[in-house]
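In the part that follows, the structures are each spelled out as structure tokens.
Across the two complexes that follow, chain A remains constant while its partner is chain B and subsequently chain C.
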Partner chain A sequence: MADMRVRIGGTEAWLVAVIAAICLVLSLTTDTFFTLVNAFDLLNYSAVNLIFAAGLLVVLVAGGIDISFAVGASVVQYLTAITLMQIGGGNWALGFALSIGFGAALGAINAGLIHHFRIISIVVTIATFNLFFGLLMFFTVGVSIYLLPDWMISRVVLFEHETAAGWAEITLPVAVMAGVLLATWVLLRRLSIGRQLFAMGDNPEAARRLGIHIGAMHYLAYGWLGACAGVAGLMQAHYAQEVVPNALYGRELEVLAAVVLGGARLGGGRGTLLGAVLGLALVSITQNGLNLLGVSPYAFRMIVGAIILVAISMSSESLGLLAEKGRRLRGIHRPAGDAR
Partner chain B sequence: MPKLTLKRRGLMAAAAAAAIAAAAPAAAQDTPKIGVVVKIGGIPWFNAMEAGIEERAQELGVEATMIGPTSADPALQVRAVEDLIAQGVDVIGVVPNDAAVLEPVLGRAMEQGIHVLTHESPDQQNVDWDFELASAQGFGEAYGRRLAELLGGEGKYAVFVGGLTVPLHNAWADAAIAYLEENHPEMEQVGDRYGVAEDVDASRRTALDLMRAHEDIGGFLAFGSQGPIGAARAVQERRREGEVKVLGPFSPGQGRSLVHDGVLSGGYMWNPKQAGEVFVTLGTMLARGEPIEAGMEIEGLGTIDPDVEGKDIIVDQLVEINETTVDDLAAMGL
Partner chain C sequence: MERDEDRAGNGPGQDAYLLRMEHVSKRFGGVQALDDISFSVRPGEVLCLAGENGCGKSTLIKTVSGVHRPEPGAVIEWRGAALEDLDPARARALGIQVIWQDLALFPEMSVAENVAFERNLGRRPSLVSQSALRREAAEILQRLGVAVDLDAPVRTLSIAKRQLVAIARALVAEAALIFMDEPTASLSRAETEALIAIVRRLSAQGIAVVFVSHRLAEVLDVCSRVTVLRDGRYVGTYPTDGMTQTRLTELMTGTTFDYETHTSRAATGRPVLAVEGLTRDGEYADISFQIAPGEILGLTGRLGAGRTELALSLFGMTPPGAGTVRLDGRKLRLGSNRDAIAAGIAYVSEDRLSLGLVQDQPIEDNVVVTVLDRVRGAGGLLSPARKARVADRWIDRLRVKIGSPTDPVSTLSGGNQQRIVLAKWLATNPKLLILDAPTVGVDVGARAGIFEIVDGLAREGMAILLISDETPEVYFNADRVLHMRDGRIVEEFVPAQTDLLSMEEAVHG
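Up next, the complex of A and B:
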């Protein structure tokens, strides 16, 4: 029990409770939510966002922020697609290698600017966000690529099972997402450089005095996010079967909101992978549930926003604050009582 | 330090001088300058429109450019129109994301003597003319009729639009739904209309959810350039090609393989390239003070019968997209 408490923090436990409540309601009110097919659907279309979230978490933990990763992923899609066509096709291994390489390189640009020029990360990434997207639009003139190599656009089904409700499938993006999540977990929880990332995020000066190489940590965090974004871009191009310059534009805020909802602190030093996954799950499940319930699409954003607000403001931390406030109030009254 | 300030001041003065120098000749010339702001840049539909704008501008010897915002956001369009006003163009063309949001800024443009044209936004306020290559009624009904044909006059269908505030998509949806309700009362619309059809991922996700919620859904009617593609991919993923029909206007190059796979049933469209040409043709006529009257023959529009009250020029120039026409349309770069 003690062990569980260490691993599952307050925010996560609260999110699990909220998600469980939503799932319960949806299972009772619709006869399609609680099916294998729907669960797999949810996994399949959340996979790309989860890959982004894993990368972003690493940067948030290290005390930074990045809003350029989604358009960075679009840049990687183009670079990868064009390189693959130049060399006459390629294969999955090469596709992954190129995406990770290009993605990490874009991340390194952010890290370099942040570390060597001592610019605040949000300023740098707002600039690179515009720079990446501007360069992309300029060089591609907004032209999409529909002719991708066959291996890249043919669907890869890893598991399939025919149920009464149709085919339940696990596709390649889900497996890749699992791989990325595992790698990120190992980095953050099992390697000492992961602990160093937390230390830097919490207190960069203390971390520096401890002998942690701050520059290397910046490159690691942004490079990791860049590589994750590259992989996410490859997966999006895989299932969309085309590369469109603005397909991922705007995704950064969606992912950022979900990761912060999952308990990652914008100031750095705190955040868990489980929280990030749960944050995204909450938003995806709500959206899915609204469609299944046949709620009017006019009400969607209102409901999603309200649920995020409730989830954040009712988290155990804010409840703790309220409780403390209550104690303090009582504390003020007590001396008066003692004086009597 | 003072040196630096001096240098900086010098640079700024130089920049200002350059800006003035650049602006001056533009004002002096009398070749009409036309700027067209579209819903979103970088998607094939508006790339084709841009090609039309550029080709026609070259033919007529006018200056015309297209501006595509990075996302389908009316606020970005307002800013782009403000930029065009500041540049002192003669004609502003807009394909609005939100008719009401653009009203005030278009009004400001007209106050400054700039001619305003819109497309895909009938009854737009503060314009010289709005032109449509398809009447909303005729276009919507054509889709309603085709969907009923494909579904055999019964079953459930869902409707996607580009956004819940896009007037034209909603007018099409209104016409299609009204047609189906009147002529095929056994057909049932599922939910309200979904505002996802300018985003391929959102269309795919919504279509997957709806096929889950309504096992017996027979078709998707998607008004918005990415909607039919996203819905068709969802149908393909769910392995229900041919069983669940997908109809909607889309870019033939993008949807070609889906049409040949039998997932995307097809649709009607007008040629965005032709719309781009009409922007320039009409814009040049307005800038040169030529009248636009009933019975005139205008290239790209045919014989027009403008509604002077509502400032609409509406013609029906529908092109059908199906297995036989899609390759030719795609070859045009659409």
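Up next, the complex of A and C:
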């Protein structure tokens, strides 16, 4: 088992195999799944979640967790929409700037509470999840905004192709998602501060002893997720052509499950962008397939939940972890501590 | 106190101390961890920093490396210039590197990235290139003369290999002074020799190395001097020429070991515990021994010898694959530690501060947690009066110094906390008491008190299994000592018939 875990990319290879199997089954059982139109629809629809996933991965590898980002994105949608309408409309550049700014600010609130008050991240973000959502519902009284600037709600088609099944289109959210993924990849793999994030998640005490600025790392991780969530919120508003206060409520767990399915470790220090993308792809494709198969939407969550459970417990990674946990429980390799 | 170094070292032209520290003190709340410590190292020197567990060695290293700030009044000089505001980044920039006992590596990352992590440091974001990291790591490992797979995640390496990675990382940063905190604790003899060879090589390159250890026989001849700390205080610095382990042990403990070893009063009757052929794959094999009523049996061996694993099986936490355990002649089937407790076995764990006590809970609740079903009153609910009675009895019996039984355990000192853990287990009226590293984190002064209690319990006929990697601890407190190595019992000592030094040699030499 240990040997399987050594191999880098084990989780990713496993996910690719599962996704391929699901795609194969769906291609054979439906005649709509294996079409360019459906593939592009899937991509357009999943772009928002992928942007969330990229941001969340950054927090997870840094050893934290965030429950509040999805409702945070709703808050950003309102703040951005209201600000834009106040100043008479604005444009895409301003929309992005505001979304990123508001999002990063909400992330910074989480980071500040986690770092300065030494509260664990799950507690802080459960609290801010309720706080953000409560404030949003209170001040909006649950009212949606339908009156958005024209540029924001008009579809931006970047690529189109006519097929027998209709027009296949790639829209703006996909390009934005690609940009966010690229930026996150550069951060995590190519930048020194990204490696410091991994180090902090992997062994916080060792990171501290090396003089890594733990506070700055918290602000970076949660700020990054906040900014990603802001962008995702903007894209969701663009895609849905409206701002609804509870539109993103519940997304946090969906995205979290998918990212963890992709091999990110909840303890921090481990996780890849490819894994997160594949984890999300698995969930989205399953949902899409169930839809095409005419399965009741009420059954979706149940089936997706079951698939995540099965996939996570079947992967070599988890079996290895289980064995490791067993060894730890038995107390092997525990270093003797010098008390002071 | 002897300070021969101050006289010998600072002659004309010889004033070149790499690091000189005077009057270094450090308090943590009410605990004086360091009290007016002096410490100095010359360039390229190999020095030993010796002292028992809890004497302040780790605190001193953390002070030198900038993790802790000393109390005002401390003098720290680096190459003759005063150092103020030392922080970890500054210390590393100067060339002070620490290889911590836990090695402080990043287990998920590759060997190459761990070795060359220095390149990833700094507040300002910069591009990192994996190939540059690999090149640098390969170069350093080559300089050390060792082969480690650069791409393997560190979590897959053996402890000895991880240690090499930690040393390599220290060298990347152009180290001038490397502290090694208990480097040999979990190494085999061959691995220790390999490490010493590397240390000699570093020393020849002009890098000073400080071994921080309480077990020095194996490193004594590579060191030129040894600085001894005891209970947070500076004892002295001595040349290693003519230094013996016995003398060193005396300096570290402050006691002259002319007192008697434990006199056996063990009854010859039916053994309380009889273990026969106990085996658990990968942990220990073919373990057989007996403990008579009133006997204190020591169990020692290096880290990883399987001592704790054996204890966990006796306590029902992990099922053995083969063999039998009899308690009072009755064969035990230990499915869980509940069974073990019911049968009359108590286990005071190695990591008691995190596993043994609920720090924020009242003292009395901690004492009765093992016997909750015996402190129930009317209607099966817990009775505060019964609870207080049980707790008071044991607090009194073990002479624990407390404010009030309702204070949280965290208000007590290490030694008194240890007594509370003992009380908790003694409340179960065990026939067999397993003590795993009972003095770790307990002040030197408080240790004797704990062994007095243990001795008293043995007098009453309790069988005691005393597990420790501190050879003197088992030597002076046990009737017999079993030596475990690689999961097997390799020999048995009777302290009354052997001397400490030869036992120490046999176990750790």
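Heads up, the rule we're going with is that the second predicted complex is superposed on the first by the 301 of 340 C-alpha atoms of A that agree within 3 Å, B and C clash if a C-alpha of one lies under 4 Å from a C-alpha of the other, contacts with A are read in each partner's own complex, and residues count from 1 in each chain.
One rule holds in what follows: a contact is a pair of C-beta atoms (placed from the backbone, for glycine too) under 8 Å apart; a residue touches a chain by one contact, two chains touch by 3 or more.
This is a predicted model, so every value here is computed, not measured.
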item: Chain B versus chain C as contact partner of A:R118, first or second or both or neither; value: neither
item: Touched partner set for A:V244, first chain B, second chain C, both or neither; value: first
item: Chain B versus chain C as contact partner of A:I212, first or second or both or neither; value: second
item: Which superposed partner A:P297 touches (first chain B, second chain C, both, neither); value: first
item: First, second, both or neither for A:R270, with chain B first and chain C second; value: second
item: Touched partner set for A:Y45, first chain B, second chain C, both or neither; value: first
item: Touching residues on chain A, where the partner in the complex is chain B; value: 30, 32, 35, 37-38, 41, 44-45, 133, 137, 140-144, 146, 155, 165-167, 169, 236, 239-242, 244-247, 249-250, 287-288, 291-294, 296-298
item: List of chain A residues in touch with chain C within their complex; value: 2, 5-6, 8, 190-193, 195-196, 198-199, 202-203, 205-213, 216, 265, 269-270, 330-340
item: In the complex with chain A, residue positions of chain C that touch it; value: 33, 53-59, 65-67, 87-89, 92, 98, 100-102, 104-109, 113, 117, 119-128, 151-153, 156, 159, 181-182, 185-186, 283, 303-304, 308-309, 312, 317-318, 350-351, 414, 437, 440-442, 469
item: Of all residues in chain B, those that touch chain A in their complex; value: 40-44, 46-47, 68, 70-71, 164, 190-196, 200-201, 204-206, 208-213, 215, 233, 237-240, 253-254
